[in-house]
Amino acid sequence: MERSELEDLVAANRILAGHGVIDAYGHVSLRSPDNPKRFFLARAIAPETVQVEDILEYDLDSNPIEPKGQQSVNERFIHSEIYRARPDVMSVVHNHSPSVVPFSVTGVKMRALFHMASFIGDGLPNFEIRKVKKGSDLLVRDPKLGAALAKTLGKSAAALMRGHGSVTVGENLQRAVGRSVYLEMSAIMQMQALLLSKKITYFDAAEVKASAPVQDYKRAWPLWREKALAKAKADRA
Amino acid sequence: MERSELEDLVAANRILAGHGVIDAYGHVSLRSPDNPKRFFLARAIAPETVQVEDILEYDLDSNPIEPKGQQSVNERFIHSEIYRARPDVMSVVHNHSPSVVPFSVTGVKMRALFHMASFIGDGLPNFEIRKVKKGSDLLVRDPKLGAALAKTLGKSAAALMRGHGSVTVGENLQRAVGRSVYLEMSAIMQMQALLLSKKITYFDAAEVKASAPVQDYKRAWPLWREKALAKAKADRA
Amino acid sequence: MERSELEDLVAANRILAGHGVIDAYGHVSLRSPDNPKRFFLARAIAPETVQVEDILEYDLDSNPIEPKGQQSVNERFIHSEIYRARPDVMSVVHNHSPSVVPFSVTGVKMRALFHMASFIGDGLPNFEIRKVKKGSDLLVRDPKLGAALAKTLGKSAAALMRGHGSVTVGENLQRAVGRSVYLEMSAIMQMQALLLSKKITYFDAAEVKASAPVQDYKRAWPLWREKALAKAKADRA
Amino acid sequence: MERSELEDLVAANRILAGHGVIDAYGHVSLRSPDNPKRFFLARAIAPETVQVEDILEYDLDSNPIEPKGQQSVNERFIHSEIYRARPDVMSVVHNHSPSVVPFSVTGVKMRALFHMASFIGDGLPNFEIRKVKKGSDLLVRDPKLGAALAKTLGKSAAALMRGHGSVTVGENLQRAVGRSVYLEMSAIMQMQALLLSKKITYFDAAEVKASAPVQDYKRAWPLWREKALAKAKADRA
């Protein structure tokens, strides 16, 4: 993988932290452009402190290729199992962004009502970990739980995780990151809309079809990336 | 156009970003003081990074006078068509400020209840793009959509755009910018008031008439402008 | 008045801005310790930029003693008329803090439910400007409106102003400033509590009596003041 | 106590302030690792300014071992009485974090619905000071009130304090601090969930049992501590 792609991933960690989508927790990965059975993910540190040298490469069993004596994140199976199940996915974000969690613990479906988050479509699936494992600490700690989450995700762009957070995927890193940022914003808007009225105009199927595939958050990415890498550089000094 | 007027527009971009009214998206334009058939608008970059040299001049068909090889924003037709339809308007802001969107997807009307946003009057129109184009990505990508939005706006100071955001206009730049800032704040206040009570005291017609025309956000502007241009200068260093 | 007292007032302007209680608007005054018929108030600039030399002295008709060619704030009559009506008051804050406005446009009374804002007691009065002047721009622009507001305030520690904001008073500057900060916070808490339940445990009369008179925000003030004056000094550099 | 443990406590003060869990008020203590009948707590200053030399040692009657002429916080009895009643507790945080207060003034129970705050379990007790002292200013100013609060806390990880805030405890400092941060976040999530639906999926008993004991906020702590101590160092310069 190119240095600039590793820097993209460093930036992604810091962008998500800067937007409050992830705090000291949460993680973002990138499938290797050279080998679809490998992905890159930072070791178990706070995302806003990630540097290039903190990134490890993993196989699809979530084994680090070179462990370098570093601790891996417990929930790396979220990433490996989604990459296994979804060949179209090149990037995965897992986070606890706060406004998505209330939807995950109620029967209320998130639906597309804001054009920056049209990927939500006519609803996102919600992962109920108890269907796979009762009495868990909610964490996706093994391949079985990861595979169950990937199955819940199906072909969607994102899935909620009950009492925990969400996972967002994309055909490229920018898309997965942008979707995480705007999923949180759309959750706030939908909660507010539901308080204002029982009757909301969600996007219709044709609008979802026209919007979602083309949204790459291209205007945002250069700004976000530049700021994030400037901060990464400053942190070294 | 004077250098100081271009700097006003640079400041406006950064002021709106600094207030969270626009993020990496959204845009603000200024009609040329020299030629009413021309307007100035930054190229397609994140507003908080705009500098004087990023500003392009357009005609009322949204063609750049000197393209300089730069990419124009897709939705520049919002600006050109409003300038065409509204000779009184000297500045246009388009944004996705988050608390306005919930009103745009419900039947609930925004109404004036806060003196800093008295321009809302007895309600703002809401642009439903499906009346003009079905199955769109919600973006105002051509003159026809721009003209339809301008028609929805009518004589109002602002219009909501369903599932997308809003457009705010003014007889000068300060007014369009200030209105965008306080439209967001008024949206929050109205949502909260509606949760507290079904019976809200909105401004009466006489109050709207007395308030709206005189509000130029004059005390705020010098502070906002100075901070924004100091940041623009620092960004060059 | 001592230099350190002028600096207290500079700090108060900046503390209120730093807490989001005032933005480019709002103002805070201090009655002269040397002459109860005089008070000090900054000229019409954004509060977060106030320096010692921006402070003017006024008589109780809101005439500046030495105008210095500076513009006075339009609403200085809020201050002069409250000082005239309330000999116990040494400081007045007027602001548009956002979470108080929703209460001002509904019939819902703010009541004490948080010990840092116990001064709210069993309810705050709400100034309806239309009872004095119909078709106004909501601003307290003359002595008559100021006197009407002072009458609405009565013996309370604060009064809401419909569709506009609030006024908060204190027997000293720290108290007026602290009350403004915690009035906003208590408004948020009360709105949330009302959404959770119809039955709220407000402070009883004995608790209000025990709490309100002793709360001087003494632990907060030195921190707030030091930060604010450090910023004021940095702004000069 | 080791220097590094005092620095942990300095960091804890600043971490809580940085997360908006405490403002100029609130406090965090650490039981002495050398003597279970002693604890460490900063003198009565704003938490975000605390340095190592501001920390005093207390006995379980809340008497400072060496007063150093410093003022102790009025509510130190919260700490001493909880340490007396709960031998397992090594750290206590008292705060006014804003989203917890609405629960404290309604009959609505906080319950676990977010895995980062699973310690909430099937509900937190709420301290009603009027059961012990009528007509108070709500502050826990003496050993009797402290003992009553400790009794209300019982074996829980946290207790609400009606109209005032909450207290959070832990078997170590990191845990007490992390619980305070995520208690606030969980309160926001629960309020939002309750607005979305009457039917919420809270954690079941087995999930609480699996989650709560192991959560030490270990990934967050090094990031939080490093930032806080860098700030403490910068404040000296």
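For clarity, chains are labelled A, B, C and D in written order, and residue numbers in each chain start from 1.
One rule holds in what follows: contacts are C-beta pairs under 8 Å (C-beta built on N, C-alpha and C of every residue); 3 or more make two chains touch, one makes a residue touch a chain.
Just so it is clear, the model here is predicted, and its values are computed rather than measured.
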Touching both chain B and chain C, which chains are there? none
Quick check on the contact network: minimum steps from chain A to chain C? 2
Quick check for the class: compute each chain's Cα centroid; which one is farthest from the centroid of chain C? A
Interface check for copies chain A and chain D. Shared numbers divided by all numbers used: above half gives same, below half gives different; which is it? different
Superposition of chain C upon chain D: rotation angle, C-alpha, nearest 5 degrees: 90
Inter-centroid spacing, chain B versus chain A (mean Cα positions, whole Å): 32
Between chain B and chain D, tell me the centre distance in angstrom, where each centre is the average of that chain's C-alpha atoms. 45
For chain A, residue numbers touching 2 or more other chains are 195
So the touching chain pairs work out to A-B, A-D, B-C, C-D
Write out the stretch or stretches of chain B touching chain C in their complex. 112-116, 118, 185, 188-189, 192-193, 195-197, 199-204, 206-207, 209-211, 214-215, 217, 219-220, 222-224
In their shared complex, chain B is touched by residues of chain C numbered 23-25, 44-46, 48-49, 96, 98-99, 101-103, 105-108, 130, 134-139, 162-164, 191, 194-195
